[in-house]
């Protein structure tokens, strides 16, 4: 694979990675949010695979396969299952920050990500490093989703978005992530999702809803 | 013969004479003489300004006239642009004012002050020392205040508007004064030449302080948020010819001051100055046009639109400074040229719009768009004039502002690859801001023109409106001709503007012009407004001809009643009003505007299911005013109350204050020694 | 060069005018097929136009010259853009007009003319349509210009010819995230500008849901024919711009008849493909509430901004 | 989305095959004062529907005629939102007193050449409502009727066939 071609492919994958993050912010339908999340997993896996092909590293290729399986297979499947149990709340109808504003905030976050990751890019101006701001933006957007969405499920997606972003930053920065670390992180995330899901089910059994705003009443 | 000097002196003389004429002539002929005199002052000013732009310097030094530094006037190319704009506006407004004065403005004081106001605006850009500038500035502030207050006997709101204006314009003066004094303290003396020499050597802290202070003062004159509060008050309440002068000529001088201090005297500065300016400009543009889009008072709408346009000018100036700071001098010149051209086009169309609004006001006595409509039958010329102005103001081709906004966008777009990180982040946002402004301007002026002039009249006054007298129409015609000229042949003045801009930022001329096409130097980009208008006309005629040829029924169109869904005839009450027109927009921007509305429903006594009346009120307060000014005013009022408690009127108490303070001073002396 | 330019202009005008109703017809036919209908045939819009041209013109009482001129202005803007923009050939006689800002502003001018005509009638529906349409225009503008910005950054110019030529010279740049993000943003904008689902329903009969249709309720006969033709032309023009800005291949770069013929064929194919995709997509969509439209446009604005960001992040 | 796509695929075309075009001789049950020959619209007829007091039976059948099964649009007929855009008025129901003026105004709003089609027995001769106190009479009492479609309510096929005589397709 020629250097320019791989750089181009990497760029496209990075663009898709960012695009899916924005789409998640854009859509209200939980089902389609999960679909988009699965697509993002594919984009992430593609990014890792391109880097792997570039460096000829079998280890990375394995990680790419792992990412693909977990992030566009297992996690979306788990989320869908959670959704099918969720009953009537299939839409994020009233996020804390309305959709228009959150989209504009996302734009601001992207520019912020670009500004803060400038030194990182300057360290090593390789095509992979150029995509770091994109990954950074996904981290910030994920955090934003986590903060502003009401439903537990969409918050969960926000958390996973955050994690996708972190993984991408890891791979794109020259240091890379070893197989073991990625494995650990992935398992960690899986564990978190499972725990959250169990918690969510319990909460719903007790309170009948998973609008997290109403959990505040527990505190009072 | 030095035309610049001669023009300046002629303007001085004619302006002074017109003011005298205003005092001395008897009422019937006073307005005519003053109007012609003002126009003559304007012509002289235009001549002086154009000559100065062409490179003829004019220096007038009167060292003995003032105690401190004397009066010193120097007309350079930058000042020439603003003098010429002011003069051109004065020509149109002077002639317009002859007819407009019939509506209770023939009084001695008003007619005498009007030429002085014009004269002071001509002198401000020519002032070349701190003392001279401040003197002219104060003269301008005072005369404009008197003019704003002209109708205070007829309408009580005028007094409140005047108060706001007086306070804000004088606070602005104080801030400018402090800024310039700080600057002058670091230079040899108060003349601009000395300041210019000292500019690059002042410490960055002092320079920044000077820039920010003068920026606040000049920005408040330009109506930049959050210092715009006087503008939407004073503009509607002032007589329309004064509104035109203020909105088309006076506010420009705010931008002039910023350019003069920032570029010329301080010699450019660090990027953050200009970033700040650009941000404020963009915010003003969006906020101004948003409030314009939802306001229903025609003149208030135009006032907010002035805030918008000055915002755009400052976006250009800020971008120019930013480029200059990062060493992109051609782009800096381009942005500056765009800003200057926008000053000129804005002056042209805003003069026209305020004149048309004044014509409507004179004919109907109404400013509220919800009461207007249907004016096209009674006032065809005014309608056409306002339509022309609206086309220019909405930045659509073939309108005047399209060219300047195109230049501005080109400057912003080409800034990206060249400049550093801040530009990379700021420029896309600035483009988006300019674009949003342009979009909202379309809504605003479709609303103002469509609701105000087309459709059916919404009040008996609007239905009975008749066309204004010939002198007013002539004034409007002049402004309209300027709009058309700027729209079709900006290539005539652009080389001059480009040269001035290049001189300000120290670059080569950023625009290259052939007979009809504008090309940008160094970067790719070209536009031909004339060709565009021509193509549009040809297409229009061709479409008309083709439609005539193809349509088989040559029969003239029949005159049918409006489709009223088969019900009774449609009344004016069923029309969309300005309020309803802007309602979707207001809902979209509810987070920004936070409109207040309340609904009172009273029920029939017998049943609470039957409604007797519904009372619906909605108000969109100026949010900045509410958040920023009201707390300050409340605090001031609070202090005032406290202060009043200290002064109950007892002589003993006052003597006591003196005694206590004397003792306190003495104790302080003892302690400190 | 000039001969080539003249030929190009004429061909483009003919193609756009001839193609526009056919495109509308094709899109209706696709929709009909997916709804299980037989459909009226691709030529139906042309038959409608022919019929309308034979009808009696009506100027309702109380309308002014604005109402009469608006259809002409609308179609004139479309004609100018059709002549100036690089659709079939890159050499335009009207190169100094073929600036993206100018083209966008021209098309907005057409919308404004129609909105004024809607207000001019003085009917409630006319005012309503005008209000909605201009609101959408105001919100579309930032997105559109930011997307244009993104496209112009790699080229360094907003001249349409320059962008298209650059696309021809660097075919790989088509598959960059910049163009992909900008393309998505532009698609949303074009849907809003041409009044298609989910922003506006072009075939609605219900006045309260109308945007574009509400403004033209008073037009009859030849005037209506002009407006309908212009609306279809707008769609062709926008789709043509979309096609040639991102996938410029096939456009004629010199005056050889073969190249021009290929250019015509490729242009027709591209527009038909995009129109077909749009029609298929519309089947799956419902109209959005008017106050949900800003959400859609904000999304596309963000994509445009991301495209700009990407253009220097991933440079 | 996928399910909708599957539905589209599995349903396929539901429009019934077009019956042969009606004979060029027009079935004129036309009113005496109506023009002898209907104008030619060249395969395109825009229709404005006016309900002057119908029981909504005819509306259902008109809806069916323009639905996917009968698909009147394939012959070039289309319902429009404004009489200004229309060539033909499709009037249903007996004309109630309140609808006399609106019907007349609607008729006036249609640009020439124009056609009035009376749909259903009520529109032709007031049907079962004949002689009722709120009824001003059949459509032909108010505006000239060019084409009548009998039936209570008329079958969609009949409506489509009548419209085809207008479009000529």
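Quick notes on this one:
Letters A, B, C and D mark the chains in the order given here, with residues in each chain numbered from 1 onward.
We adopt the following convention: a contact is a pair of C-beta atoms (placed from the backbone, for glycine too) under 8 Å apart; a residue touches a chain by one contact, two chains touch by 3 or more.
These numbers come from a predicted model, not from an experiment.
Looking at A-B and B-D, the interface holding more C-beta pairs in contact is that of B-D. Ranked by how close its C-alpha mean sits to the mean of all protein C-alpha atoms, the top chain is C.
Taking each chain's centre as the mean of its C-alpha atoms, chain A lies 57 Å from chain D. Averaged C-alpha coordinates put the centre of chain A at 48 Å from the centre of chain B. Taking each chain's centre as the mean of its C-alpha atoms, chain B lies 59 Å from chain D.
Separating the CA-averaged centres of chain A and chain C is a span of 36 Å. Touching two or more other chains at once are residues 111, 114 of chain A.
Counting partner chains per residue, chain B has residues 424, 428-429, 553, 560-561, 563-564 touching two or more of them. Among the residues of chain D, those touching two or more other chains are numbered 82, 84, 112.
Every pair of chains in contact is given here: A-B, A-C, B-C, B-D, C-D.
Contact residues of chain A toward chain C in the complex are 4, 8, 11-12, 14-16, 18-19, 22, 26, 99-100, 103-104, 106-107, 110-111, 114, 127, 130-131, 133-134.
Put simply, chain C touches chain B in their complex at residues 53-64, 66, 72-73, 75-77, 79-80, 83-84, 94-97, 99, 101-102, 105-106, 108-109, 112, 115-116, 119-124, 126-128, 130-132, 134-135, 137-142, 144-146, 149, 152-153, 155-159, 162, 217-218, 221-222, 225-226, 290-291, 294, 301, 305, 308-309, 311-312. Residues of chain B that touch chain D in their complex: 553, 560-561, 563-567. Residue ranges on chain A touching chain B, taken from their complex, read 98, 101, 111, 114-115, 118. Contacts from chain D toward chain C in the complex involve residues 1, 4-5, 8, 11-15, 18, 41-46, 68, 71, 73-76, 78-82, 84-85, 87, 111-113.
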